[in-house]
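We call the chains A, B, C and D, going by the order they appear; numbering starts again at 1 in every chain.
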Amino acid sequence: MFYRDSGLIKTTYKADRAIFPVDQDRWAIVALVGLAFLVPAVASEYWLSSILIPFFIFSVAAIGLNILVGYAGLLSLGTGGFMAVGAFAAYNFAIRIPELNIIVVLILAGLVSAGVGIIFGLPSLRIKGFYLAVATLASQFFIEWLFVRVPWFTNYSTSGVISAPAVQIFGYDMSGAAQRYLIVLAMTVAVAVTAKNMVRSAIGRSWMAIRDMDVAAEIIGVRPLRTKLVAFAVSSFYCGLAGAMWVFFYIGTVEPQAFDLNRSFQILFMVIIGGLGTIVGCFFGAAFVILLPILLDNLFALLGTGGHADLLSHAQMAIYGALIIILLIKEPHGMAKMWQIFRQRMRIWPFPY
Amino acid sequence: MPTPFFVLEVALSGLLAGLLYSLVALGFVLIYKASGVFNFAQGALVLLAALVFVRATEIFDAMGPATVGFWAALLATMAVMVLVAAAIERFLLRPLVNQPPITLFMATIGLTFLIEGISQMIWGSRVYTLDLGIPDEPWIIHGLYIGKIDLFAAAVAIAMVIALAVFFQFTRIGRALRAVSDDHQAALSIGIPLNFIWVVVWSLAGMAALFAGLVWGAKLGVQFSISVVALKALPVLILGGFTSIPGVIVGGILIGVSEKLAEVFVGPVVGGAIESWFAYVLALAVLLVRPQGLFGEKIIERV
Amino acid sequence: MPAVTEEARLPDLSVRGAASDARAAPRDQATGSESDDTFPKVLLRRAKGHASDPAVREKEFGIWQSYSWSEVAEEAELLACGLASLGLERGDRVALLGANRPQFYWATYAIQSVGAIPVPIYQDSIAEEAVHILDHSGASFVLAEDQEQIDKVLSVRDHLPRLSGLIFKDPRGLRSYAEPGLRSMEEVRALGIAKRAADPSFFARAVAEGSGGDVAIICYTSGTTGKPKGVVLTFDNLIATASTMAAFEGLTGSDSVLAYLPMAWIGDHFFSYAQSALVGFPVNCPESGATLMTDLREVGPTYFFAPPRIFESILTDVTIRMENAGWIKRRLFAFFMAVARSTGVRLLEGRPVSAGQRLLYGIGRLVVYAPLLNTLGLRRLRVAYTAGEALGPEIFDFYRSLGVNLKQVYGQTESSVYVCVHANDDVRSDTVGRPAPGVEVRFSEQGELLYRSPGVFKEYYRTEDATGDAKDEGGWVRSGDAGIVTDDGHIKIIDRAKDVGRLLSGSLFAPKYIENKLKFFPSIKEAVAFGDGRQNVCAFINIELEAVGNWAERRGISFTSYADLAGRMEVYDLVSGQIEEANRSLARELQLAGAQIHRFLILPKELDADDGELTRTRKVRRRVIAERYGALIEAMYGDDDSVDFETRATFEDGRVGIVRAHVPIRQARTFAPEPVR
Amino acid sequence: MTPASAAAHAAPATGTILKLDDVSLSFGGIKAVQGVTFDIRPSEIRAIIGPNGAGKSSVLNIINGFYRPQRGTITFKGRARSYMSPYEAARGGVARTFQNIALFKGMTTLDNILSGRLLKVRSSVFEQALQVGRAVREELDQRQHVERILDFLEIEHIRKTPVGQLPYGLQKRVELGRALAMEPDLLLLDEPMAGMNLEEKEDMCRFILDVREEFGAAIALIEHDIGVVMDLSDRIAVLEYGRLIADGAPEQVRNDPAVIAAYLGAKR
């Protein structure tokens, strides 16, 4: 209904392979991102710190996981572990080399995580499907154990819960909610753009080739191990980045429990609900997973059932599970597919889809 | 230096614990074999079965003598598990037929949340005791301590495997099940509807969950954390191969024994609590040598 | 038949176009110079003035490959040089055989540059048709699109002694051909590069040599009878008409067209070549016939021509697709389409509309019209033409109510497209508008439309007698169509001139016009009117089984067969009402008021192509029908109110049998002439 | 113009691009290929025929590295070796299609064919992520190349359709497109016309001939339709039970008594 795309013709391949080939989509997304940067002017501290910042951090982690699962077809249950690596790496870089710029710290943390990802990705050459999924659990549990048991990582802190150092960029204090929000948003945009660029380029096609039919991928010259390892590295880089952002811009403390198996599943949910093999779906999935509990909380509060915190959290769990099943049945390709169908409907409006 | 006797004792306790893992893993294998679904909700089923059993025992105990109460509760719980299986088939498997395995896998994670959420809504988060009437005192044979309950668990696990083997080998439905695991099309030609087969398989998995729940519940008390035990079954699963019932037993024993040994002899050196990952790393190491697990079917790629 | 010169003395029926002097019409500034009297000269000027503006685009390899005016000029120069070095000389004919491709437009410039004459041929013609044109035009070269077209020409090459060169655009599958004179456009271009290197000013000299009186193109028209005739048009013809009409429609360089109609048709040459060059708007060539609708949507042309069947099929497509929509959407659509019907045409024509309706229409445009037109690719249309057969008024109004400026054009190859056209604020679905600027129109005694304009063709190529038949010394051309003028000066085309007769009263009798009026009713499938040389008009009616059957069922009228249904009095009542309505509308037309239907009957069998009563394209065969149903005709002109009748019929299953029936004859009400407008 | 006359036009160049020398392969006890020696010349259309299970596909699988023969040498472009890995084969210019279409079902036609050019990619993952330097240029060049293939195979209209949604015949064409995108010197076609109707078969024959003409690749194909094989190929190798029983021009093979007995005869 909103599209007026007739007459906008593509005269170059560059225009044709743009991320948003329809002009109106492009303007809409530019406007949306622009607005996102203006949000701190209106949003409350609660919204920034408890909803938007985790939303973006989760989106980054989901993008990381989606590259592995959705694009390369390598099912992983170890996302939490890679986030933990990023978190601890960032923490250690920050306290051991305090003069490092926070952006550098984040990137270094991502790189360390990528390295760990490559190590745990090595078995993927031989191990496939659910065998691989279970194998990634090894990394999850091992990493969790490592950070709990080896005191060097926590800088010999006795409590096991340690605060992240204050964040500064070029001497400016970045600890306010608005500042933290802006930097997380900027990182998220960078991650989304680079991820999208990869999946629409040669490397993305290699991943999908391996995913769809590894035998055929080999005969066109795709080297399986290298391709899979790159997927692990890129995925872990993003997950590590998300973990580092988690520590510096969201919670402010470093604790291995924040990156346990449940975290891995939570991110996997985002990817599945959002849509495997899509970047935009990661945002939908993250929003769904974050907003649903808040929504349910408010709903219960409205119904006047507040007070039974225990019952509430269990009911939430059950509803959550049921919704996941319903979503999977209604649209196995996730919310991204729904979005795509909606857009297609709008493009051919008033004709039926 | 540890004495050989001590090693043996540790290994034996590992073996018995391993058989318990096997019991949970058995449920996974049944479902995976018959429907290709990686059922993450097996742990939740264990929890559910245990909780239902506890509740049923309470009800029947109030009505009559304890022994009768036990068997009545067992039967009632079995019935509930069959109902749950039927519901899963109707509301989860049927609408998701022909979807890729990962979607079904995710759905079973959703199912886990659903079952755990509902169970705890009904029963709360407190710990229930489950008494099977087996005294919690070990036998001591030549100085070896063997928990009676562990022994009971081992017996149940082995009995269950034998029963299943007989079932698969000698009954019509069992043969149909095997056919299904090979080829859905072929199964259809046998004349048993796929939906029915799924209900049977999930019911069987429910039974396995029930026995596992009984044993674990008796050992640790019935509480939320027994659903986490299911995670322990996963390395057993990949070690034994997703599709092999004997593999489950062997895998369980291997995992149990080596885990206990590692915990006792390696753990202290590296900081302890390696139980959390040792089984996985072991399984991973085996996978690198045999990607299909010890007993899994070799996947031959044809072009 | 009286000579054309005599008819020239009938000034009372003569109508003159608004801007009668074509030379006075404003031209686009870039080409305003008087020296631009050939298209190659126009091209060269444009390549200097608007070098980087897009001249032509083609959907190829997934994107719209775009070529600027300077690129087109370069390609035209190289092809011209190449052709010249192959021996092409002034006055030679070059046939073009292929779909709308940029290369063929370039080739047209190239051929004209060296003074040769392009002869486009319909790409779907079979070899025998093509051979006639190739032979008759004496083409020395053929430019063909691909292997398919080359094969076609090669299969008849033995009959074409003058054909010396075959040039193809797409080398696919042709690499192993070893025919003499066969080469690719690429090779010709390479020859051109060599020639230009040797003689750098060749092209400029050749172009300068041309002048407005030279022949620009020969278009072969199929004609209803006989072999196709080659209509010779000069640069003066085309440039005068094209620039006048461009000014009339206010075309600018920001307009765009979709070149999808055959290049051999004068319309494509006119819109996609002549006007594009003169005005400077880009021409867009679709990827293929299969992707036409997608390409239309992508291009979103502002200037569009389509035969009625395309407008009809788009509307049908819209209707069918909307039927599958959910009921909310259907209701919404129906509501706003009703708004559009009541308001849209008035708004388009700038007539007064209340603020409330204006608002509703505005919402409708936002929610339905604009998205609908966008999806169809018609959103950006400023000028849309249709011509040829009559377009039903409801279809015509559908587009206009959505805000599409759809207009009728009447014209011929011989007139350089235009004779009559609707002006923007003066559109009526039942006319073809007034004479186009610079065109004079009058009517012969037989009602045949005659015209004279700067666009009138030079001659029929190598067919002097035909030229003499069609065109007199005064420059008046016989259109072959019969027309009438309405009171407000609009012109209506009523039939082929040869089919038009007179009643005994002297009143004009145009059977097809009457029949078409009847056929607009959904319950009437076919109609055959009689009246030439008779007292009054009588007609056979064929009912549309499905529509009338449904109608009958709704009224509880049972029937056993087609013949049974056709004979029912209720059906006669239904048809009678419709005939009265047709008569009423005929009564409003001065020249045709005398030809109202007096008596009619409903045929007990469907007219059928299998029985030779219709042509395969469902045109009525009057002679066959007059013979076979002679008794019925006589009965209509008699006094009886029924007649017994039997005839042979081919049934659905192919059996042949005899249909016997008792056929009632009805009197229809007629009306006194009452001119309305 | 019949296929046969076209085949006669383009005379195959001399020399060999690939030679199998006394190659044997067995799985467990089953001898799939036994001492087969045969060669393929540049730009020729080379058919391999034989009854089901004769080892035809195994020969293709050896050439492009899926199977490692137990004995014999493979000489490709003058280099002899005992085994050529799929990667080496792809690098060296061997492309192929499969009997049961092996496309990437989740990707569009365009992406499938683009994936055939992955070996030509020089830009790093980093450049691709940032869309700087070679990455953009390369991507556009590849697109241009692939668009010519789409045009050549007349599948422009399904450019952005996921291949999983395409009918069988079109999928076969897309698979051929992916192979062509590799700019192969040797193209292996495993039953390119299996399961096609007459019209689709004719199209495919035309494409195969045009491929040779336009791309100059040598083509080795397995095909059951003998009529097609006789029309299309320059030379035919006949396998039976893993052994080569005849090899030569279509005429020669047609009249070979061993072939008639073993294959053509058995078919009737």
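By definition in this document, a contact is a pair of C-beta atoms (placed from the backbone, for glycine too) under 8 Å apart; a residue touches a chain by one contact, two chains touch by 3 or more.
Just so it is clear, the model here is predicted, and its values are computed rather than measured.
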Set of chains whose contacts include both chain C and chain A: D
A-D compared against C-D, more contacting pairs: A-D
Chain centre separation in whole Å, for chain C relative to chain B (CA means): 78
Whole-Å gap separating chain A and chain D, where each centre is the average of the chain's CA atoms: 42
Between chain D and chain C, distance of the C-alpha-averaged centres to the nearest whole Å: 50
Distance from the mean Cα position of chain B to that of chain A, given in whole angstrom: 33
Multi-partner residues of chain B (at least 2 other chains): 303
Contacts with two or more other chains, residues of chain C listed in rising order: 62
Per-residue overlap in chain A, given as positions that touch at least 2 other chains: 12-13, 16, 215
List of chain B residues in touch with chain A within their complex: 38, 91-92, 95-96, 99-103, 105-107, 109-118, 120-121, 124-125, 231, 234-235, 237-238, 242, 270-274, 276-277, 280-281, 283-284, 287-288, 291-293, 299, 301, 303
Chain C-touching residues of chain D, taken from the complex the two chains share: 1, 6, 9-10, 110, 143-144, 147-148, 150-152, 156-157, 159, 206, 210, 213-214
Residues of chain C defined as touching chain A within the complex: 57, 62-66, 256, 284, 297-300, 318, 321-322, 324-326, 329, 332-333, 367-368, 370-375, 377-380
Chain D contact footprint on chain C (complex, rising order): 60-62, 151, 172-173, 175-176, 287-288, 290-291
Residues on chain A engaged by chain B in the complex (per definition of touch): 69, 75, 123, 126-131, 133-135, 137-138, 141-142, 144-145, 148-150, 215, 261, 265, 268-269, 272, 276, 310-311, 314-325, 328-329, 332
